[in-house]
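Before any comments, here is the structure.
By letter and in written order, the chains are A, B, C, D, E and F; residue numbering begins at 1 in each of them.
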Amino acid sequence: MKVSVCRKEHFNAAHRLFNSGWPDEENEKVFGKCNNPNFHGHNYELIVKLSGEQDPETGYVYDLKKLSDLINKFILEKFDHKNLNLDVEEFKKINPTAENIAVVTYNILRKEIDNKYDLKIILYETERNYVEYPA
Amino acid sequence: MKVSVCRKEHFNAAHRLFNSGWPDEENEKVFGKCNNPNFHGHNYELIVKLSGEQDPETGYVYDLKKLSDLINKFILEKFDHKNLNLDVEEFKKINPTAENIAVVTYNILRKEIDNKYDLKIILYETERNYVEYPA
Amino acid sequence: MKVSVCRKEHFNAAHRLFNSGWPDEENEKVFGKCNNPNFHGHNYELIVKLSGEQDPETGYVYDLKKLSDLINKFILEKFDHKNLNLDVEEFKKINPTAENIAVVTYNILRKEIDNKYDLKIILYETERNYVEYPA
Amino acid sequence: MKVSVCRKEHFNAAHRLFNSGWPDEENEKVFGKCNNPNFHGHNYELIVKLSGEQDPETGYVYDLKKLSDLINKFILEKFDHKNLNLDVEEFKKINPTAENIAVVTYNILRKEIDNKYDLKIILYETERNYVEYPA
Amino acid sequence: MKVSVCRKEHFNAAHRLFNSGWPDEENEKVFGKCNNPNFHGHNYELIVKLSGEQDPETGYVYDLKKLSDLINKFILEKFDHKNLNLDVEEFKKINPTAENIAVVTYNILRKEIDNKYDLKIILYETERNYVEYPA
Amino acid sequence: MKVSVCRKEHFNAAHRLFNSGWPDEENEKVFGKCNNPNFHGHNYELIVKLSGEQDPETGYVYDLKKLSDLINKFILEKFDHKNLNLDVEEFKKINPTAENIAVVTYNILRKEIDNKYDLKIILYETERNYVEYPA
């Protein structure tokens, strides 16, 4: 049977939720306080989960130190202490909801991690709101 | 691929575990301290998880503010600061174990949430004891 | 300089807040949901803190295993899985607010612990509400 | 002896750390990633602690529901889902470090709470960085 | 539908990661700080999850007090306050990675728990590194 | 009034509690499971708290990035992934109880931090056992 290994990292970022094709009142109605044009922000907690076979020589599925280095290089360098809307290429066209941040994170890391591993992203925007991708 | 979105809420309640068809000694033996006829209580942490497609206009699977409002209206109004055995209709005939509280919560919310979303309930009775429904 | 050592324990209990000398409407107004006559309940997290000199032979201020045993014997045996109002002598005359539970706990443990140690009680009623005695 | 009662609330905000009288290189050197001109953000956890005598009628030092309402009205309404630098009058002239957010919070609440209570602010900017005022 | 019930326990242990068939430099390169020949250690958080049908008489899937007793008898007695490499038979031939501790725990408990229940192990080695078996 | 700033770090280490001047039975009696000659271990959570005046130019009491660097250089380099009894000079003559680890940490950091700051160490050995120095 396969084993899953999980690594938790965090980043702090500002963002604003809105649809640039909508009038202000519609954005205000749908996104409420999250639509503040001056941005607000979060401490995001990011969990990356890999599932696969154990290496019989090491007992590891994947070295979590290497997974941490990958997340730092490809995700935290882009997102940490940034304004997601203004500083991150991927969110110039899509809304930086927790769902979309998880999907973008998945798509970036999927290219860096061998397909023999299943990949899942769990992202806490606050202690009470979190998302998982794939479901 | 689908995305899951999760909202955590909490409520405080009193309860007693017992089977009204059993003699006292049997209830004492099976339910131990949880069978105290004068009740005891918990801070319950409730997580409601919905899985589905993202709305392309908003980037949301489901607005977590609306999900929080639903949970407050249909669950917390019934359970919070209540005696589950005496004050809540659903537990007048069934034992308010964590398993049954999760099933009752699922059955109530399932009627309020479109069937295009998968629904799952995670309920912490204490930091060390929790249940999930469906499994 | 002195060192403090702290031990965290927990108990689950039901309670109701009210002043038996007041009319119902006054209790309802002052204590709100906490005044439910059928009780509600909490997972209480209790921290007992002792401050004193280290024993030069052991490096301990106080053996935390012994402190845990004391708390279990004198506090958890009385409070855990109980109805504080109905089952606990100390709360038959006083209201089981978090403040009073902390004061009662202090008074019980103060008799069991040598006066060469300073004693402090920290009690979490919920994750968001907690009290300390002495202040 | 006095008792302390504590209420924890949270808010999400964007901010940027810098001294407007300094050249960019100096701000970059001193504040590093926190100096991003496009802002970043945090989930702030705010604990407000009051110490005083218990009311003999209620057993309360201070009704934590009322304390929560005060914090919501005077602090969260100003800070939650805001850009501290751009949206909050108090931080137009001072740098929104955790230290200054705690001091500003103290000064606002001190006017709303009777001086018979000692007041203390504990503010978590991240799980690993927090401040207390007064020390 | 089935319900899952989960019980969390903890144990403290020392361990060292290495492959006895490798030269020192290779162990140093692959396992880094975890290869310290004098050992290091962790507070392990262990969650055991059982999924099955509810007993219609009790409302339980499985009595979590009994599950706690099983984990204490078969796992904590072996692992708690031990050196996994030196004191635990199962790790004399295999490397005590988090993955292998989870697999060994699964194999021991699988024999003690009726096959009508699905069994899953979740093991936190640190707050940031954890594993699940089966995946 | 002064402000306190706090930084939390963690390290993993093995240790054994015993008094080298005592016979085995006495060590066994006093230190119980913690006396295992093969060692056990913990994930230690270390909080370093500095209290002082704010710098009027920055709004900081002390740059927490610098405090983190100091703790890493002077404490984590010595303690992390080590056997406290065998690998750390300071514990060759004194018992590595949580109390003594806090005192040793204080004494090392006191030399690195200007005396205009008050210094306090808070050390969690487990989630349920922690110490503070000075008291």
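Definition applied: a contact is a pair of C-beta atoms (placed from the backbone, for glycine too) under 8 Å apart; a residue touches a chain by one contact, two chains touch by 3 or more.
On a predicted model such as this, the values are computed, not experimentally measured, just so you know.
Asks: Going by the touch criterion stated earlier, list every chain that contacts chain C and also contacts chain F.
Replies: D
Asks: Counting C-beta pairs in contact, does C-D beat E-F or the other way around?
Replies: Of C-D and E-F, it is E-F that has more C-beta pairs in contact.
Asks: Which chain has its C-alpha centroid at the greatest distance from the C-alpha centroid of chain D?
Replies: E
Asks: Please determine the option from C-D, A-D or E-F whose contacts repeat those of C-F, over half of the contact pairs being identical by residue number.
Replies: Comparing residue numbers across C-D, A-D or E-F, the repeat of C-F turns out to be C-D.
Asks: Using C-alpha centroids, which chain lies at the maximum separation from chain C?
Replies: That would be chain A.
Asks: Which whole number of Å gives the spacing of the CA centres of chain A and chain B?
Replies: Going by mean C-alpha positions, chain A sits 28 Å from chain B.
Asks: Counting only residues that touch at least two other chains, what does the list for chain D look like?
Replies: Counting only residues that touch two or more other chains, chain D contributes 127.
Asks: Every pair of chains that touch: which are they?
Replies: All chain pairs meeting the touch criterion are A-B, A-D, A-E, B-C, B-E, C-D, C-F, D-F, E-F.
Asks: Which residues of chain C touch chain F in the complex?
Replies: 1-9, 51-52, 54, 57-61, 63-65, 118
Asks: Taking the touch rule as given, give the residues of chain A at its contact with chain D in the complex, in rising order.
Replies: 10, 12-15, 33-34, 36, 38-43, 80-83, 86-87, 126-127
Asks: Quick check on the complex: what are the chain C residues that touch chain D?
Replies: Against chain D, the touching part of chain C is residues 17, 19, 30-32, 94-100, 102-103, 127-135.
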